[in-house]
Amino acid sequence: MFKGNLQLKLGNFALDSGEFQFESAGVTVLFGRSGSGKSTLLRALSGLDRGTRGTLFFGDECWQSGKTALPVEARDIGFVFQTAALLPGKTVQSNLNYATQRVPKNRAQGPSFEEITQRVGITHLLTRPVDNLSGGERQRVAIARALLTRPRVLMMDEPLSALDWRAKTELLALIESVIADYQIPTLYITHAPVEVERLANRVVFMAEGHITSIETLAEATTRIDSPLFTEEGPVSVLHGHLGRVDEDGLIAFESAQSGAFCFWLNTTEPTGTPLMKHKARLRVLARDVALARARIEGISMLNQIAATITRIEADPKTHRQAVFLTLSDGQALIAELSQRSVESLNLAPKQTVFALVKTAALLDH
Amino acid sequence: MQIFGYPLDLDPILLTLEVAAITTVVLLIIGTPIAWALSQMRSRARIFLEALVALPLVLPPTVLGFYLIIALNPNGEIAQLLKYVGYDGQLTFNKMGLIIGSVIYSLPFTVQPIMASFEALPTQIVDAARTMRASFLDRFFTVIVPLARQGFLVGSVLTFAHTVGEFGVVLMVGGNIEGQTRTVSIAIFDHVESFEYAEAHMLSLIMVIFSILVLMFVYALNRKLQIKQA
Amino acid sequence: QADTITVAVAANFTKAIEQIGQEWTKETGNQVRFSFGPTGGLYAQINNGAPFDAFFSADTKTPQKLMEEGKASDYMEYAQGKLALYSTTLPVAKEAEQIIQAASYNHLAIANPKGAPYGSAAVEVLKKMGVYDKINKDKKIVQGESITATFQFVMTGNAQLGFVALSQIKDPESPAKGKGEFWLVPQADYTPINQAAVLINGTKHADSAKSFINYMRSPAAVKIIESYGYEIPK
Amino acid sequence: MFKGNLQLKLGNFALDSGEFQFESAGVTVLFGRSGSGKSTLLRALSGLDRGTRGTLFFGDECWQSGKTALPVEARDIGFVFQTAALLPGKTVQSNLNYATQRVPKNRAQGPSFEEITQRVGITHLLTRPVDNLSGGERQRVAIARALLTRPRVLMMDEPLSALDWRAKTELLALIESVIADYQIPTLYITHAPVEVERLANRVVFMAEGHITSIETLAEATTRIDSPLFTEEGPVSVLHGHLGRVDEDGLIAFESAQSGAFCFWLNTTEPTGTPLMKHKARLRVLARDVALARARIEGISMLNQIAATITRIEADPKTHRQAVFLTLSDGQALIAELSQRSVESLNLAPKQTVFALVKTAALLDH
Amino acid sequence: MQIFGYPLDLDPILLTLEVAAITTVVLLIIGTPIAWALSQMRSRARIFLEALVALPLVLPPTVLGFYLIIALNPNGEIAQLLKYVGYDGQLTFNKMGLIIGSVIYSLPFTVQPIMASFEALPTQIVDAARTMRASFLDRFFTVIVPLARQGFLVGSVLTFAHTVGEFGVVLMVGGNIEGQTRTVSIAIFDHVESFEYAEAHMLSLIMVIFSILVLMFVYALNRKLQIKQA
């Protein structure tokens, strides 16, 4: 649990969080426009800025009270800076050693040095001085270093911004598994909605130096006007589990309540691979969901799921309509349709319709 | 020892190198905290204190030496105070005096360059060390000092070279006691005074060569450290 | 027609010659500018083109050297220094020899015997007393770079006693006035410390400079010189 | 036209471009994994690295020949560094002035200072020292600075990586319009496929210090194994023009060859706005295209476009099949289907099918 | 002028400040290119040259002065050479001599700190200036010098303060000629020589106060520049 109320004045910019309180378990994403104060809030939470005022509790521990603050080095945090901040003139190896050598003996076990460096993809860089790494390489070293501090809290400021898509995917998986396996509460800044959907348990929205709201991922994603989704509109995140990989390369994503729904998904896993990981999240963009009054034949869309319309919301600005559906296991799914489609199909609440989903991204694998 | 037919007294050379080395080390120990404290100050007093640190330079060395022997005389307050806390030796006319004099006179050479490099520290890297649990002393020695290495190098080189050539203060506070406080600079001066120019030239040459070697060693070491770290 | 001369003077004679210069100016209307420095340094400067018209040395050796080298002329000994043993704490006036012999002091100050004639005179005295080797071996001798530094060593109490110039004690403004006591070393114990002046060859102000050197024998100058504890050499 | 063959050894890394030649007009994107040498190639092209060897021609101008190189300051380039590289200790204003004061009098006109700062969104920052800007703010200042140099060639190294989605969109539009209006050849490094699709005229693919291929955007996007699309699969980029905004908020995107196809798209423009810009690009993800044997009724998908199957390619690893379609105006559209769908619909080349597209992103507006 | 009833000769004070200021400026002009050249060198000779730059410090000032008056002797080669190119004046025993002596002796104080800050330059920022069409000289003065400001500050402060207090070199090369080359440090020394302690103390005090004021001004200016830029 993080709880408090922090102030930090930097020149003309004033961070004033307001009273806040949120669970620390899992991943908390700080989200907001550039210059809204995300990095400043993270630094205030970490104790790096001596000008921080206010109160802050991490669980029972008081980290800040007025002007007195627990020193950063006593907070047991791992920090990934927006600009890597590696120790110049040293090799990658000694940058990482700096972190490992200072881990107290009694800290819980974490992933090994070899595991981290290998999965972060920097094994071949260990003997290189950090000064001439590429942008992406620097970020990977910074992530490895933060994980190797065996922190009690992990704080990451846009850790993946300079990485290519494959590296991003691999590192997301790594971060996710480390913080899940070792139960490390994580505060994470990103501008990429897909990182939010993939990692977040809750989202702290920021604007102009204030926390504007703190929402669970479900709340944040299903709000039609969520700031998360200026880009791609609302998103539904469905929870379920994976079945076996079929002969034709598809895998079933099923509701925990058997028979409620079954999505057929693509996978790169070879045929016959047994259920890889029980629980999974499925990300469905509302604008990827089409609706039909009846099951449709002669079409390439395999996923046609029966659902009930709960309500229809119109966005007057765009003429787009968000159709909220309930699947038979009670999970929510949103479809975004044009006004023209809603009218021509005569859609209304309580109707049973079929949701056609062509594309859906599996978030965990 | 004889060199080119002239007798060469090794004592002053060894003494000079010893005093210069000790002074450099003492000044690194004293000067570093002063430089750090100044570099962290935000108040207006800082400008005054910075100027104060440069002061030993503006007095002519012999005059500074004169003031020093007044301050350090065996019946003076400083000596009495030290006697009180258990140090019973004399403060002037011995190696102690040489070192005290050199330390005071060379203070600016150590403090100023180190302070400048403390000012230029990239704060975010020091912050990163804090997030890796490095306490103040830990990060001071493992991050701040390496980052400020150029300042330490310049400070040490200037201090060392200057102490080797120091004359006025050392002459006053040391008393030019043969075999005890006669540094090379005094010995050369004596030779010049008594028209023993050949000896003066030779001793100067030896000092120059010695110093070049020491400084080249320091620079080479610095390079090596840089490359090893890198 | 007034002339300005530049005269190099050994530092220990600073105040006396400034006063004499004022008298000379009053009398002749000529101006004199001084350059004070250590004798050896002034010699090197003269050798390398310093614009001096006359040179007042603290010894006789250096002017003679210049004469031999053909760089100077008109040699004249203008003052004779007296050696004194001075202390601020010890009763040197009466028991000088016992005190030196007993060697219960930490430091005895002398001027650098290599450069300063007071230094070599002091060594002579100590040798004559038969203690020089012993106290030198015991590192009791501290050397001032000049007779001034030597005096400061004693005056500040860092050295318990020392051989200084009588002129430093006799100086009307001397800090030794009323502080400590001294013993005038008998002249027989050391070679006379004569100070000589020379005219630098090739100067454009030879006449005025010569007149200034000769002025040292004028009654006014003699009075000033004697008031600082020097004697006039025969 | 850029033409040459550049080498640059940095420690153990060797850039060796191989012979290359590409049109300079428009935007050339450098694309490759982290550490593949994109930044190094860009620096070699710019002349910033004195160790560069080889040959380089920009049009008729020789920029590099062996060891002799035209000095950077004579090349008239604008450069956005991966790490902003602003002049520290100065205000934003004087950072920008530094660029404007050095523009030769005879340089072609470009957008005004006010226009740039306003559109980049840094007007409120002008008096601020650059040292305490946020990550995104720094990037925006760096972009403004590069545009203000009135360059003959613009080189940008991941200029938008630290920006939020809205800032990204705005800046993409700005960059696009400036380089189009003033005909500035641009070299652009990015990891974001959407930036490639939006800006690129051609893509230079890099791996391990070499240029592996240089392709036009169309070639790069329609290759099923294009390295661009590890993330979201192949993409079709359709060229056409926009019609009027309809009453129900939809806008028609039509083929230049009238009647060939018409996509109804969402827009945020108010009803009745006349055709805003004649030409436009439409980005259609292959996995967003469903196929049906016949036109389908009773479904919310409005866009059902007749097309002919030209060929079907299978990716043996994933069991995914790329169905290449030709629209009636000859443009290509790709649909990515599961093997199961291809089989159940009995799809084969030469068949006429209906392509159902729910989501399509308009790239220019 | 009279202060507290003592006559105060202003000449030495003005001369000292003038010589210190000119020396500082001359050394900035000479020392900056030397520092730059050294900082850019990659060869092994650099270590040797770096050590060489520190050399003027290792000889006692009077002895250095002694060698200087020999080298600059009106009949010596340097003077002849200068006569050849049209400079007919004397090089020693005048203000020129004071400045030459101070410049040579203080060279390390200027070069070393500036060189250190040139080494620490962030190359990418200099690169950025190049992409904005800044030629070498342009970016040197608009980017490199501001970035190396701390080095210039330390170099100037050490040089200025040291020249004010310089004694040995100035005494030899200048010749301590009343009203012409008698700097404050020599004047203080002369006062001490002739038991005019009150005058010596006063002159020392004035010098200290003056220097503190000058240095405080420099530091304050530096701060202001920093803040204005910032």
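When the chains are written out, they are named A, B, C, D and E in that same order, and each has its own residue count from 1.
The definition used in the following text is that a residue touches a chain if its C-beta (ideal position, glycine included) is under 8 Å from a C-beta of that chain, and two chains touch if they have at least 3 such contacts.
Since this is a predicted model, take the numbers as computed values, not measurements.
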item	value
Each chain counted as touching chain D and chain E at once	none
Rounded Å distance between chain B and chain D, as computed from the means of their C-alpha atoms	61
Between chain C and chain E, centroid-to-centroid distance (C-alpha), Å	34
Length of the line joining the C-alpha centres of chain A and chain C, rounded to whole Å	90
Intercentroid distance (Cα basis), chain E paired with chain B, Å	20
Junction residues of chain A, two or more chains touched	83
Junction residues of chain E, two or more chains touched	62, 66, 192
Chain C: positions in contact with at least two other chains	41, 44, 152
Listing of all chain pairs that touch each other, if any do	A-B, A-D, B-C, B-E, C-E, D-E
Of all residues in chain C, those that touch chain B in their complex	38-41, 43-44, 65, 106-107, 109, 112, 114-115, 136, 139, 141-145, 149, 152-153, 156-159
Chain B residues touching chain E - in the complex, by the definition given at the top	46-48, 50-52, 54-55, 57-64, 66-67, 108-109, 112-113, 115-117, 119-120, 150-151, 153-154, 157-158, 161-162, 164-168, 185-186, 188-189, 192, 200, 204, 207-208, 211-212, 215-216, 219-220, 223
Parts of chain D lying in touch with chain A, wherever the complex brings them together	10-12, 32-35, 39, 82-83, 128, 132, 134-137, 140, 157-158, 161-168, 191, 193, 230-231, 246, 248-250, 264, 266-268, 271, 285, 287-294, 296, 298-302, 317-320, 335, 337-343, 345, 356, 358-359
Chain D residues within the chain E interface of the complex	46, 48, 71-74, 76-79, 81, 83, 85-91, 94, 98-99, 102-104, 129, 131, 145-146, 149, 155
Of chain B, residues touching chain A in the complex	122, 124-125, 127-135, 138, 142-143, 146-147, 226, 229-230
